[in-house]
Amino acid sequence: MDALIPQLLNGSAQGALLLLAALGLSLTFGQMGVINMAHGEFLMIGAFSAYLVQQVIAASDLSIPVALPVAFVVAGLFGLLLEVTIIRWMYRRPLDTLLVTVGVGLILQQAALQIFPSQGVPVEKPSWLDGQLTILGYAWPMRQLFTILLAAVCVAALSAWLKYTSFGRRIRATVHNRDLAETTGISTRTIDRLTFFVGSGLAGVAGVAASLIGGTNSQMGAQYIIPAFLVVAAGGIGQLKGTILAAWAVGVALAFFAYWTTGSLAQVLAFILVIVFLQLRPQGLFTVRTRSLA
Amino acid sequence: MSSTSKRLRKLVAAGATVTTAALALAGCGARAGDDTAGAGSSAAASCVDTSGDTIKLGFLNSLTGGMAISEKTVSNVLHMAADEINAGGGLLGKKIEYVQEDGATDWPTFAEKTEKLLTQDCVAAIFGGWTSSSRKAVKPVVEKLNGLFFYPVQYEGLESSPNIYYTGATTNQQIIPAMDFLASKGVKTLFLAGSDYVFPRTANAIIKLYAAKLGIKIVGEEYVPLDKDDWTSQVAKIAAAKPDFIFNTINGSSNVGFIKAYYDAGLTPAKTPIISVSIAEEEAPAMGHEVTGNYASWNYFQSLKTATNPKFIQSWKAYPKSSGVTSDPMEAAYISLYLYKALVEAAGSFDVNAVNAAAKKNTITFDAPEGKVTLDGENHHISKPGHIGRINADNQFDIVWASDKFIEPDPYLEGYDWFPADIRKQLTDAAG
Amino acid sequence: MTGASLVVTDLRVEFSGFVAVGGVSFDAHPGEVRFLIGPNGAGKTTCIDAVTGLTKATGSARLGQTELLGKQVHKIVRRGIGRTFQTASVFDELTVLQNLDIAAGLHRRSVSLLRARRGIDPSIERALEETGLTGELTTPAGILSYGQKQWLEIAMLLVQDAKVLLLDEPVAGMSQDERTATGELLQRIAAKRIVLVVEHDMDFMRRFATRVTVLHQGKVLSQGTVAEVQADPQVQEVYLGTADAITEA
Amino acid sequence: MTKKPWISLGGIGVFAVLLLAVAPLVLTDHWLNNLGKYCCWAIAAVGIGLAWGRGGMLVMGQGVFFALGAYSMAMHLTLETAGDRIPAFMVLYDPLAPLPAFWEPFRGAGFTLAAIVLLPVVVAGALGYALFKRRVKGAYFAILSQALAVALAVLISSTIRETGGDTGLSDFKYFFGFVLNDPANRQMVYLIAAGLLIVCLLAVWQFYRSRFGELLIATRDAEERVRFLGYDPANVKLVAFVVSALMASIGGALFVPIVGIITPAEIGAAASILMIAGVALGGRASLFGPALGAIAVGWGQSSLGSTWPDGWTYVLGLLFIVVILFLPNGLSSLPARFTGRARRTPVEQPTPAIAAAELEGVRS
């Protein structure tokens, strides 16, 4: 089984990208119950932000580290705009939110097609990501390592933010019991906006990572939304550790399926795997059994 | 009770009438074997209006959806060519009035819009399409309605239609030259990487046949869906197979992912070069420096030194909707409109049968940016020079190989003994 | 035929380690209006949830000889156990008649579902009369008053001819007159059925209860007639501290 | 909504006359054919209205069932066109291999027609049973169904020799013995599609006025309450889901001879969502809304998509946003709004107690 190690590492990196794409979704869906189908387009916004940063800072060694926070903020602001203009009216209609954001996604895609060169734009990889790390005879691309590292940093930052800051605590309080949170003086409106900002911002960060792996163009977001949602669902709503494990599992499954079969079949098999899993465990990998979970 | 049931009875009666009417209508329709199925007899008479001082042409490109990234440019270059021709006096003295339609990256839409252009807009000919799937959707419609369709992109060959003119390369003008080039470089092992659709699958089937003849070993074959960018798993397989060359039939944005994965895996043009049949001047910039040093097989490159190329490049750069660079599919689209001009001038008419009759004389030529191309009146393809270019740091191509003469189009590979005659027969039979 | 009693023995419910109900036993018989009271979090509603199959529980809950725990919700209902919810939950978009007709459909053959309704089931007319909703036949349930919604819920159980009615705070939010009407209604229907009421309202309990079980922190604190329970010093101790909460509801 | 069922029936009658008698007289062949295509989408939309509007199941993967009908039909027509030969597209990838085994039965017209009806029933039945019994609902159900549509589209794209891949199946010459090029026959195919649309409307009309229709709304609004009335909501939803799948399959089957081509793009994510767009526009829970909405969206795509392709995408996006945000019950709820008769109909507002109970149901 000489394929074991390479596909495991490669799958882990694919999982890390999925995790990055799913992280923000996990926050907005898990914590707020909002399914944002434009999440993939926020990812695209992050990737285009990276491109625009590179137009200002030509040296790619520097531009990518700068692009990460910029993409976070730009995508986050788009998310905030979406929340303030549309989502806020629809918290009681989750299924309708899903369809409304489909419309938002369509518009963002078409806008990107018209604003940027239709063939897409190049995002140059920093030279410090050139080369490979040889692990057990497999030349592991540095870029994959970077994706994993980036995902790890985002997970750590997000969980620390949720756990230790007052905002994070308020988010958790709101999630737990919205009415109670309001009566204790928490502005749930502010919390909603902030959660959406961060969730969308994380999509922007994922977009930068995606821009280093594939093309940066108007269509790029579409390929991430369904897998990302499946990851969130399989992990269990609002369960960070579940999302991480599910993303990793799907990534590794994709890598192995692609190795054993073809790239197309791998996608089909991975989807079916998750669907069957969710059939067996509709609540996902992890679940909290309380009565008051909102 | 009476009022509702009366209404119901009326409805039933109305329904029965309508059903009977439907069946009566159906009774008029031709059945299989009635012999009215032959082309032409069922086609409505052409409604093309040639009385005024304008002539309508249809442009059919995907302006939305996934393929818009490639087809928008083709649409724009068609507009430029139409403007040029109009500035030079038009077609048979009539100004071109074009109807632009959006194929929306949806093959049934291509079929629907073809029918619309021919029967509602009454255009004299349609130009456009990119993917083979879009052409295959258009083909039955133009054949049914006896329209004309000019297709400007290299494709997998094994097709010809009295109603389609192909101004891009067929396999023996792009893939076979690429294989000849590989053989000349002493390549022994080859890996095939393609998008999962008809062109790469067919092209690779042909490549495998020719490779066997050339003594090149195919060490692997991988396909990824068109809309998926991540090639890492597949590139790992390529790296493990260590081929002398990679034959790349990937299309669209997926190519960017492939090149990035290739670069990240430590594969280099020095050791494992790629030859592509879909990366051109338009696509290369989106891949950044990572694609530099690899090869592509085309008929036209912006860097070609021909008499007419500088003017084409200059006009395009000056064109308002320009993308800045010229490429093979753009040039083929440019040719298609001028080829049509030559055809109607030779026929002295916009009539489809007259145009086809003019083509049959095999005298239609055009001084294209890639050189003087000649139309083959039998198979409706054009002769083309084969070129291999190598991508330089400016995302332009340095020409490293050229065919010694223009290659005559041979869509069914009749001149190649390694192509099994029984397959050819089955294909031509099936095509009717 | 009205003989069977509801007997709950050593009922236990846990949520992720938190014991909501820790070994509760009580019984209820036809002919009595049985009350289950206790402060917030005492586990009253959880008991009902467990008996109706909504929450997993251990122990036993029998109607006559039939064990209810472990059965699926809709199968428990088909055994004749009906319930209402704290917040009245009727089908807002449907009329009173449609609401009741759905309830009455329980014992119809499924093929008959594909036909439209013609006329009104006699059981529905009886239930309407019993609950005083006859005039609201074609009113969408969503625009009924709060009290009327509760009565509609009870009417739905009557239409189903439920043997056991588990009512979760049926008079919360009702006016004094409505409370009295509800109480009298419960006494009427209890003649042939088991009626078990979860309540906060001590006054309502005092007026209409036949027997009472007091729950506290998931355990039975006291059991007996109204007078017996009120006299229990443990009950007084628990309720003194939360007297406000009891009457508020 | 059930008070005056005969008015609705009259409406269906008027609609039938318009589609079956007026349209063939006033429309050109091209537009009649287009209308036939919209009718196919409308048939699927009527089913979506039943499942989503009345049943609360957001079926975002109707492409799967559309595909079952469409590919069954397309395989039959391909074989009919090819005659004794192997279909042309298969030859190249492996000239010696025989026809794939699963194609063989589709030579028979009877088998094909049976497959168009039974395949979606069996697949939706199994899928729905598995999902609803496990209480998969809401957004989960929506995304899972969409994931299935994507998976099927990718699968078809990647099995190029067996299914025609991304190019799809096209170039059909005959339709059960009739020459498809003949305008009279094309009109017949149109009439079949329009007629079946009317039949589907009648079926749904009966569903809506029946006790089942009331139970379905009850299940949509308060699934747990229905359970506490002694019904298994899974069964109620299953019936609606299977019927909607059947309608999607019928729509797909007729799409093939009318449009002349079927490809994975017609069944994937975008196509499945487009089917929903019409339903949302017309009014998800109304009788005519889904069908009229689907026809309107189809027409918009053909006409506005021609004159202003970039704009059409924006219009479509805005349609989703504006209609769902401000008119959750679609355009068909407009008259009621203006006459002020509008009952406050919460589209998706479960009462808190039930919402909590439902969550509990999912979790336990």
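Letters A, B, C and D mark the chains in the order given here, with residues in each chain numbered from 1 onward.
We take it that contacts are C-beta pairs under 8 Å (C-beta built on N, C-alpha and C of every residue); 3 or more make two chains touch, one makes a residue touch a chain.
Everything numeric in this text was worked out from a predicted model, so none of it was measured.
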- Query: For this structure, which two chains have more C-beta pairs in contact than any other pair?
  - Reply: B-D
- Query: Which one of the chains is farthest from subunit A, going by Cα centres?
  - Reply: C
- Note: subunit D sits from subunit B at a C-alpha centroid distance in Å of 33
- Item | Cα-centroid distance, subunit A relative to subunit C, in whole angstrom | 46
- Between subunit A and subunit B, tell me the centre distance in angstrom, where each centre is the average of that chain's C-alpha atoms. 37
- Query: What parts of subunit D, by residue number, touch at least two of the other chains?
  - Reply: 154, 157-158, 310, 313, 360, 364
- Per-residue multi-chain contacts in subunit C, two or more chains: none
- Using the touch rule from the top of the page, what residues of subunit B touch 2 or more other chains? 64, 196, 223, 225
- Message: If we count contacts the way the header does, which residues on subunit D are in touch with subunit B in the complex?
- Response: 6, 9-10, 13, 16-17, 20-21, 24, 28-31, 33-34, 37, 80, 82, 85-89, 91-93, 95, 154, 157-158, 160, 165-168, 170-171, 173-174, 177-179, 181-185, 187-188, 191-192, 195, 198, 259-263, 265-266, 301-302, 305-306, 309-310, 312-313
- Message: Please output the residues of subunit A touching subunit D within their complex, sorted ascending.
- Response: 29, 35, 86, 89-90, 92-96, 98-100, 102-107, 109-110, 114, 222, 226, 229-230, 233, 262, 264-265, 267-268, 271-272, 274-275, 278-280, 282-283, 287-289, 291-294
- Message: Help me check something: in the complex, which residues belonging to subunit A touch subunit B?
- Response: 6-7, 10, 13-14, 17, 110, 113, 117-125, 129, 131-132, 138-139, 141-144, 210, 212-220, 222-223, 254-255, 258-259, 262-264, 266-267
- Message: Which stretch or stretches of subunit D touch subunit C in the complex?
- Response: 2, 5, 206-207, 209-212, 214-215, 217-218, 221-222, 224-232, 235, 343-346, 351-354, 357, 360-361, 364
- Note on the structure: Touching subunit D in the complex, subunit C uses residues 49, 52, 54-56, 72-74, 77-78, 82-83, 85-94, 98-99, 101-103, 105-106, 108, 110, 112-117, 140, 142-143, 156, 160
